[in-house]
Every structure is written in C-alpha cells, then in structure tokens.
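Below is one structure; the comments refer to it alone.
Read from first to last, the chains carry the letters A, B, C and D; within each, the first residue is number 1.
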Amino acid sequence: MLNSSGDFIALVPNALKIDAAMVHLVDEHIGGVNIFLGLTRGEKNAAGQALLALDYEAYAEMALHQLHDVAKRARAQWSIVKLVIWHRTGRVAVGEPSVLIAVASPHRAEAFAACRFIIDTLKAEAAIWKKEVWADGTHTWVGGG
Amino acid sequence: MLNSSGDFIALVPNALKIDAAMVHLVDEHIGGVNIFLGLTRGEKNAAGQALLALDYEAYAEMALHQLHDVAKRARAQWSIVKLVIWHRTGRVAVGEPSVLIAVASPHRAEAFAACRFIIDTLKAEAAIWKKEVWADGTHTWVGGG
Amino acid sequence: MRVTIRLFAVLRDLAQIAELQLDLAERTPVSNAIETLATRYPRLQPMLSRSAAAINRAYAKPDDELHDGDELALIPPVSGGC
Amino acid sequence: MRVTIRLFAVLRDLAQIAELQLDLAERTPVSNAIETLATRYPRLQPMLSRSAAAINRAYAKPDDELHDGDELALIPPVSGGC
C-alpha cells in the first residue's frame, strides 16, 4: 500500500482506527500533524426515516490511482513528511468514520492546507459512491436521483 | 475538566493520547472531525547540539482560563459539537505531542476553521512557555533571549 | 473490436449488471459507445447524461476514441469522502 | 497595600524566585510596580521591557491600577503550542 514517497493509501473494508494511522506518523522532522475524519452523520429523510448507515462503493483500481495522484499533487505544493489516506468501502454506520486523512509536516500551516486540499479533491474527483440506508429498509444513491 | 459546553480542556503533565481524546468525540451529529497535534521537532542549535526535548511551563490558572475563553470564541463563530484542547506541561521529547486540539462539527469546513483558529490563538495568547533542552545539557527559553 | 463496459453504483443497480462487453467499430468515440449502451439499457438514459466516462481508469472526453481491449467505465456523480 | 508578584519561565530563572510580595501605595499603576520590581531585581530589566502583565489572570495595561490583594503576573513572550 506504500508508494515511493512512503504514503499509506488504501481502500479499507473494515473499521478505520486512528491509532493504526498514528503508527505511520513517526519521524523527528514532524512538527505538526493535521488529521481529518469524515463520519456518517445521523439525519432523517423526507419520509421521517432515520439514516442507519452509508454503503460505500469504489471503482477500486481508479480510485486508488486517483488517491495516489492527489497525494503527489499535495507533495508538490506543501512540505509533507508522512501521509495517510484511508477510505472505507462497505457499510459505515452513523458515528463511524468513512475517511481518514493524516498529514504530518514540519510546520502546522502546511499540514492544515494539505489535509484540506486532499479531502476537498477526494470528494470532488475520486470514483467512490455512497448509498444511504434508511431505517425502513429503503436506500438511495447520493447524487443518483 | 468539562465546561458548561462539555468541552474537555486541560493542562496535562503526562503523555497526550489521541485515543483518549477520541472517546470524547462521540455524537451522531458529528460529520467531520479535525485534529491538530503539535510535536517537538528535532533540530540542531548554532553550536551543533541536537534538541532533546522541550520543557513546558504554564501559568496554570491563567492559561486554563484562556483556553476556555478560546473555546467560547470558537463556539461563537462555528458550529461545534465536541471540543478537546489539551496542552502538555513538563518535558516533551522529540517526536512527542505537546498539544492536541480536536474539533468535531456537523461539516468539515467548520471543524478545519475552528481547529486552526484555536491553535493560532493559543500560540499567540496562552500563558505557556517552553525551554529548549539540548544534548550538551544547556537549555534556552524560547523568546527569552 | 471489443470494449469492456463497467457500471457502478446507481448505474449498476439500474442496469442490473456490473460489467459487459460491447463490439464496436474501431476508434468509436466514447459518446457513441454510450449511445449504444443507452439503446441496450434504456433505464440508464437519464443517469448517463449526468455521468462522466473513464477509459482505462482515467477520465475521458466524449470524443476520445476507444481501442480494442479498452475498459470504459461510466462514472455517475461521485460522493466519496463523508 | 500588598500585591503578590508572580514570575514565570525566563523571568523566574533570572530572579531565582517565583513569587514575592510588594508593599505599594494604594492604586499604584502596573508600570510603577514593574519599576519597583526592576529596582529590586536588576537582572530582570531587559526581559521586563519585553514582557506583558496580567492582574488576577487577565492581561493588563501599564496604567491599570493595582489594589490590595491583587496578583500581578509578569508574562514574558509566550511560546506554547508546539
């Protein structure tokens, strides 16, 4: 899963664990780490049904290629010592993380900016989709209406 | 340590553990979590000595009051569901975290902006000082020359 | 020539198929391949007009030409992240 | 009146004391209290000119007046965070 820069990029079928990511962020040149976790947020649909979970599906070969490309673009703009980009596939219940991005840099401004760039670009471009699973058993593809 | 908003704000004499912070960030209204960790970065001084650690000292009564005030100002500007601000006191070796800020919000933009505001304000205002401890046993107060 | 078509998410659910082969004239543009697909699976029509295309895992334009053995994926609006 | 002075970080190391009492005239301004301190601990002089002051844990201005029982802290340039 490590590319030539040592970035840890993966599509992950089971729960994302932040301490598993922290293990990768060890280097004495690190001064600031910025981490973003995206979680399934509880909500209700127009029919008053509660959201139970989001089901994530990826075009894995393309999405992984895209995530490595985003990492490369981030490294071209900011000083990055260590980088983790993990995205879930499968069912992510309310309160659980679907994405974990961790950027370790010499200084905090770089870590914040690169982390924000990566999540924004991932959301806009990566070949990943989510389906809302409602309490009454119905489901809807986001953007698929 | 919890204020009336449920923020977890503390000066901590021993190692900061990110999973201890995560335990506080549980709520179904959370959609995005932004976490900042500041670490002691390895460096050398003009005499070629390696930095071993930073020794942090706080005017505890004032610093805690200031951190709660920063939290209040952040909550006035952004939607925040859960908030953790922890700052170390005592010796923080190279590679170890001295500060941990975690902001859990409904949406990611709020979490990023509030987290950045809190670390920037903390650094500029909080009554906390650090002393560099060098390999040859010398030490220097940052900003104290 | 033969091209592999891949369908994801809402497109796969609508077509009830994830992957199929299309036999097309050499250098058929992406837009024509999509028309052929829409003819065969009419229920895809509305979503296809809102979807992007990728040839061999890279985004492609409607007039990009297909070659034998290419993988053409139809990419409905993405929604990864959170 | 009596005021408690608190010294932190480089100031405490220079003065070799963390806390002391000063007997001052009622409503002495912060700036005068600092002058008195500098007279008693001359080694503090250079850093005091670069330090802020806090009365009872809130930042204060040089002409803010002190009252009996106040805690006046001298705040050298802060460096928390990382």
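Rule of thumb we're sticking to: a residue touches a chain if its C-beta (ideal position, glycine included) is under 8 Å from a C-beta of that chain, and two chains touch if they have at least 3 such contacts.
Only a predicted model underlies this, so the values are computations on that prediction, with no experimental measurement involved.
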Smallest count of steps, each to a touching chain, taking chain B to chain D: 1
Chains touching both chain B and chain C, listed by label: A
Chain A and chain D, separation of their C-alpha mean positions in angstrom: 49
Distance between the centres, which are taken as Cα means, of chain D and chain C, whole angstrom: 73
Distance between the centres, which are taken as Cα means, of chain B and chain A, whole angstrom: 24
Of all residues in chain D, the ones touching two or more other chains: 82
Where chain B touches two or more other chains at once, by residue number: 31-32, 38-39, 41, 97, 108, 119
Topology of the chain contact graph, where touching chains are joined (line, ring, star, complete, other): other
All touching chain pairs, where touch follows the definition stated at the start: A-B, A-C, A-D, B-C, B-D
Complex contacts: residues of chain B adjacent to chain D: 38-41, 56-59, 61-63, 65, 87, 97-99, 119, 122-131, 141-144
Interface residues, chain A side, partner chain B - complex: 18-19, 22, 26-39, 41-42, 94-95, 97, 106, 108, 111-112, 115-116, 119
Touching residues on chain D, where the partner in the complex is chain B: 6, 8-10, 13, 47, 54, 57-58, 73, 75-82
Residues on chain B engaged by chain C in the complex (per definition of touch): 31-32, 108
Chain B-facing residues of chain C, complex: 82
